[in-house]
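Shared between the two complexes below is chain A, which pairs with chain B and chain C, respectively.
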Partner chain A sequence: METQLNQAIAQAALNAGARVNVTWRSMNGDLPDPVRVDATDAELRAMITEAVRTGSVPGIAADPRADFTDFVLDRFAPTAVRPYHLIAIRPKTPFGAP
Partner chain B sequence: MIETGVLIGFEGEPLFWLEPPGRSATSIPDTRELWNRIWEHRATLQGFAHSHPGGGMPWPSHEDLTTFAAVESALGRRLIWWITSRNVLAQVFWQGPKPHDYDVMAQATRPRWLLELRARTDYEGKNLWKLS
Partner chain C sequence: MKRVVIVGVGALGSHVAMFLRNIDAKLFAIDDDRVEQRNVTSQFHGKSGVGKLKVQALQQALDFFFRLRIDVSPNRLRDDNAEQLLGGASLVIDCVDNGATRRVIQSYVRRANIPCLHGALAADGSFGRAIWDEQFIVDDESNPGAATCENGEFLPFIAITAAQLALAANVYLKSGVRNGFQISPTRTIVV
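For the complex of A and B:
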């Protein structure tokens, strides 16, 4: 019974899509609409770039030169505290030899 | 030796030592933890220092430069990026006009975190037993 309930919750979270959090020029905000949980990194990067360039992310001023080429997408599954998928984009942080 | 990094505050104080699993003598891997600490300290952050193998003037790799530019884009301001070798400390900073146009300059003064950064880098190989 509990397993079925958990599966139902997981399916509901999957159907609801993922929230996308963006950080750019010291500003932070979420895309106004959820995205497909299985969207590829390339699809997400294109969506986010377009949204920031056109000023479509609440909390982030439009920046026509926004470029997320060297940013990384972190994907977080739903938790008891945050019952939805979260995707966060942040700058990459490796150093040295690639 | 093993590459090591440290976040530096406005007063020259070490804010966070970066020593993640998977680092090696030539690289430090991507970690969300470093970005979280940068964001946490963004109001008082002066820059970031990391170590390179060997001696002489240390030059940033392409990976270094693209990381510098990405972090500065997310922060919305420029930082000082120090790189140390066994015996030379260099400052790297954006000069422009292109996104990856950074200048490298040797720094004669020795900040207070430099000795500890070199010690944690273990240039002399004294702590090899800890890595096995």
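For the complex of A and C:
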């Protein structure tokens, strides 16, 4: 029973798509609409770049020169505290103790 | 008693130690670096610590301010001493500044099945992460040797990231729940 419930929750999360979180120049926001969980990295980068350049991401000021070439795409499966797929694009974070 | 190991006590690690001063666990700090004048603006190291080993300066500061005794090791973490330094830890918190040492930590904690929280900052102080090892991928520098968030301008954001790391560690030590965070100056999200 519990397994069936978990499978149903997982399927619902999959059907709902992934939320896309974007960090650009110290600003952060989500794409207004969810995307397919299986969208490719190239598709996501193109979509995100266009959205930031045109000012379509609430919380991020439009930047016609936005470029995510050197950014990292993370994909997070749903968890108990975050019951949806999350895709995040962010700057590299190599430092901790400079 | 639980043992929490902090690897790297510079910008993030020194503040994480300070924020974890009330936990019911013994802190153990590892770092082979010394405090430089430029570190004083962004790290929990005072001017009196300049020239000292970072672990020694931190040990003395925590004792002076809070009467907190921590254990320290002034060694660089390597594959051949990882067992000696990290073995038996209840939690490892990675606050180092290079991909090579992060990989040493990741390799050992995965082999030894030790929970590990990684702290990481973008070079320009625009983004931070407090991520559990199962979700963590090591980022290397795009331009090795590039300047990092060394000047005091980034101190508040460094402290926010360190506080989120300490919060994640605190929650884990109390309840076993592993919450990770991605942090920007305008928003923190749970991952």
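Convention: the second predicted complex is superposed on the first by the 92 of 98 C-alpha atoms of A that agree within 3 Å, B and C clash if a C-alpha of one lies under 4 Å from a C-alpha of the other, contacts with A are read in each partner's own complex, and residues count from 1 in each chain.
The definition used in the following text is that a residue touches a chain if its C-beta (ideal position, glycine included) is under 8 Å from a C-beta of that chain, and two chains touch if they have at least 3 such contacts.
No experiment lies behind these values; they were computed from the predicted model shown.
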Contacts of A:Asn21 with chain B and chain C, given as first, second, both or neither: second
First, second, both or neither for A:Val72, with chain B first and chain C second: both
Touching partner for A:Lys92 - first (chain B), second (chain C), both, neither: both
Superposition-derived comparison: chain B or chain C, residues of chain A touched: C
Residues on chain A lying within both footprints (that of chain B and that of chain C): 23, 25-27, 70, 72, 74, 90-98
Interface residues, chain B side, partner chain A - complex: 3, 5, 24, 26-32, 34-35, 39, 42, 50, 52, 61-64, 66-67, 69-71, 73-77, 99
Complex contacts: residues of chain A adjacent to chain C: 21, 23, 25-29, 59, 70, 72, 74, 76, 79, 81-82, 86, 88, 90-98
Interfacial residue positions of chain A with respect to chain B in the complex: 23-27, 67, 70-72, 74, 90-98
Residue ranges of chain C in contact with chain A within the complex: 8-14, 31, 33, 42-43, 94-99, 118-124, 126-129, 135, 137, 139-142, 148-150, 179, 182, 184-187, 189-191
